[in-house]
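What follows is one structure encoded as structure tokens, with my remarks underneath.
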């Protein structure tokens, strides 16, 4: 289990990195924390001739407040920085909670938010959080920069709308309404493993945002469940969620079990979130 | 072969420079290039935690880090915690509580515990178990490891 | 049985003390010496191209591109190795057993996914793996045998053309009147039980470094084995080399659990390559290789029935065991070891007079199964203790009570079990009693009632078992094998520097035997623990020894160590009597000193050694001629072995919505005889239970219909972390010491033997309101989901 040979360049700037990607005919890949990528290299599951390391790029890391009361999170911000950030804890307690579920400390010390979103694992926490929190994902390509709504970002398992020569540079989170409650529920058989199913919710009076992971081929905003919650409360939301997701079978759980779990976790998340919202 | 890259890494206080292939894993650099075999390789896909070391003070999986990515970094391995004649406090807590059997997962456990003890209050045994959950031990059933980390926490907190 | 030949209890008590481990300082500081740490001048690295077919004929292998790759030194196929190494197989005199040859590299046909087909030797592991990708193998797929119940049919395709069928072993046991017992039963219970396939997952995967000495034409194999002696003996035949020219060393080994008790293909190929290339060759298994090739565990289907009387007494037991043993009969244990132990131990610690059982070991297109912690007995106990609970429910009897009524009583020992095993006296009833007291059984039952009223699923599990440990020559571990597992050797020597070395044929994989055996030897000899250097796992240390497996280390090591230390102590006393001018019966030893009782006439053992070896004139020639040196080699044969008994109890709660099982309380009460080091004994129980929890709740090797191993990473083969293993209580009952030297019983496997049954019983108890009985493990949330859905829909 050793990686196949590849070439490696360190980018000094985003422009540098994008130029290197653009010059490779779409074959080169970005490496940041490497926590999802290097296992694939070790298993020789991916064949990449060139890696562009963006770890050395200045200014890509950190959590800062935005004028509207939201946060801007640099793409190279490590998971542990998010977990430990007082800004995140105070403004997005649901994200603070989610970070504790991301694998383990050693992975969180190294993994980055940009990497997690770009990797787009449908069972991972951060992609689901980006969808839940209506994040805008800033990306830079060779000729332009754009901001992509998280809900438009994920296309399929491990697939995003990013072009091969585009790099995520930051994630912007709009503020949550004051008084919103939150709930985060994740089920895995072993602590720190990818979710068999996960549901996160933000509730403000009758309005709920619900995001699910591990139960669909992308992280998903459960719009049907959100509407059902507004009209019929928690039980309706659960039923709606179970019919709108399309989980698949794998070794850790069948589609039927995942659908069942999604409902259970949705109920729990909404109940906790509603209680917190009232408090 | 792809071009080798020159790196300079400070490991346990000593600066090492080497020309390495980009694909060389940091775990292999530490073990094979520097002969620091205290760091163990257990899975090479980031699950078992045996290869955990500190990079710039943070615990990382050395099997999921390329050696070239450690260029300019300060790396600490189990060898930095104390030697056989003069064990450090955490190593001593492990010994006193019989927190190791075969010893293969132990270096990773120690480095993880070192980082945990710096970053978390570890109020309860559940917190300790949560913190250790990324390091697999097949021998001890974890109970004595939890005991050892709890003792190290108490020492840290002057309890 | 006669009382144990006991150590003089007046001397300082090292045996039984909580001595911190001697191996720890090096292991804690990164100074251990594991096989993967070994580096030699000019060392080459080996990697294997493995079969990605479960069953196929090999039509062609093209290695040209691999050989041409820069850095590649040699490439070997099965045909090449067949010319470098003699064929071997695991033979046995057991009736109805068919041995298979195990080609180190596949020849003509592959029989499981992961089977080694081509070996590449290169300047680095990285380059060796690059070369693997350049090898082209043309396969012609054959029908894949996945289901052992299909593979055993007479018309099934034969996996080995030269054999009569795929049934590698078949055996039947009958005792008493079983049919009559079932006719007279107040209640019966029966089921098809399935104990799925698991794999050991030592955190150190297997590894080998072979050094070839050009001058001496000899091979030294450093490898991660539990059985250096057995490996050495077989390699001597495979390579036509006399023993002294093959040395097998197991240095620090990172866990074994049975997975390292077999001779493996990679070790043979590495030896062949090193010999041919006259270079050191290293192979370190990666995790994917480990999950696919290290001997798998268990994998049995058991059709079993129990008959009980109105008072709960067991009237009869029937079992039909089908063991899926994979593609070949593993060396040296054979395809019989695991399935046959299932039926041998099925009656367990209970009084059962009528027992009928059949066992068949069936070859399939999967990885070989071998010994894994508990060997067969985790299944025996799972089936037996599940049946007991199921039957008890039918007559409205408490699980604890039905065990109390059926466990063999203290006055019934020695007890000959229905399968022919003989239990020597062990605390069967006391373990059950103390477990119930320790966990607060009656109180938990009350709490359970309250929890049920709230709609919570809380269950209490009980499992009792007995195992034979330290099995001597009378009952070879796997009957009929041409190896002797019934004796073990120890040499104790005080050299001319006065230092004590105790050398054993057993090996350590983390059990702490450098410490426990030093405790035993030091106590007998009268020196300090830290004065004894213990040598383990090196075939050059003693002339015969097999290794560490089957919970034998304490019994055999402790026994042989005691014998050898005693013999050396007698020599010390002899010499001291002369030097201190006293009668031998007045000489005492302790703490490294020798003295005349009640006087201040004393000397150190070190001075005594110098007087004997170096200061000619101090010890007369006649005495020197008589005692030769301060050294003795002794062989210990416990002949029968001894019984270790235990009861496990646990409390589980199942989330009534997610179906996740949480273990709230866990207690182990075991009788492992005299405890050498309580800290280490507790650790063995903790670790065994943790593995049993994995087996009960999460671990399973899964193949698809084409024989692909789907669980080829630690993401998909899930072993428990610190969160999934609860804190547990371990109580050692030292009832009456057994007849083994020192009074030791084996304890390494127990935790894994009891835990799956205990947890399965607790889950079944929790789900009793739904009428669910666990018959297949691991009881993953997915399996529970299906069972609960089915129960709710019916």
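We just call them A, B and C in the order they show up, numbering each chain from 1.
Convention: a residue touches a chain if its C-beta (ideal position, glycine included) is under 8 Å from a C-beta of that chain, and two chains touch if they have at least 3 such contacts.
The structure displayed is predicted, hence computed values, not measured ones.
When you average the Cα atoms of each chain and compare centres, the chain farthest from chain C turns out to be A.
Among the pairs A-C and A-B, the greater number of C-beta contacts is found at A-B. Distance from the chain A centre to the chain B centre is 28 Å, each centre being the mean of its Cα atoms.
Centre-to-centre separation between chain A and chain C, using Cα means, comes to 44 Å.
Contacts with at least two other chains are made by residues 1, 21, 23, 44-45, 129-130, 133-135 of chain B.
Shown for chain A are the residues that touch two or more other chains, namely 1-5, 43, 190-192.
The residues of chain C that reach two or more other chains are 126, 286-287, 713, 715, 721, 723, listed in rising order.
Residues of chain C touching chain A in their complex: 125-126, 129-130, 133, 286-288, 657-658, 660, 698, 702, 710-711, 713, 715-716, 718, 720-721, 723-724, 780-782, 785-786, 789. Per the touch definition, chain A reaches chain C in the complex via residues 1-5, 43-44, 187, 189-194, 196, 251-254, 256-257, 260-261, 264-265. Those residues of chain C that touch chain B in the shared complex are 20-21, 23-32, 34, 36-37, 39, 70, 126, 200-205, 252-255, 257, 284, 286-287, 509-512, 679-680, 682-683, 685-691, 713-715, 719, 721-723, 725, 727-728, 751. Considering their complex, residues 1, 21, 23-24, 31-32, 35-45, 47-48, 50, 77-79, 81-85, 87, 91, 94-96, 98, 100-107, 110, 125-126, 128-130, 132-146 of chain B touch chain C.
Against chain A, the residues of chain B that register as touching in their complex are 1-3, 5, 21-23, 25, 28, 44-46, 49, 52, 55, 58-61, 63-66, 68-69, 112, 115-116, 119, 129-131, 133-135.
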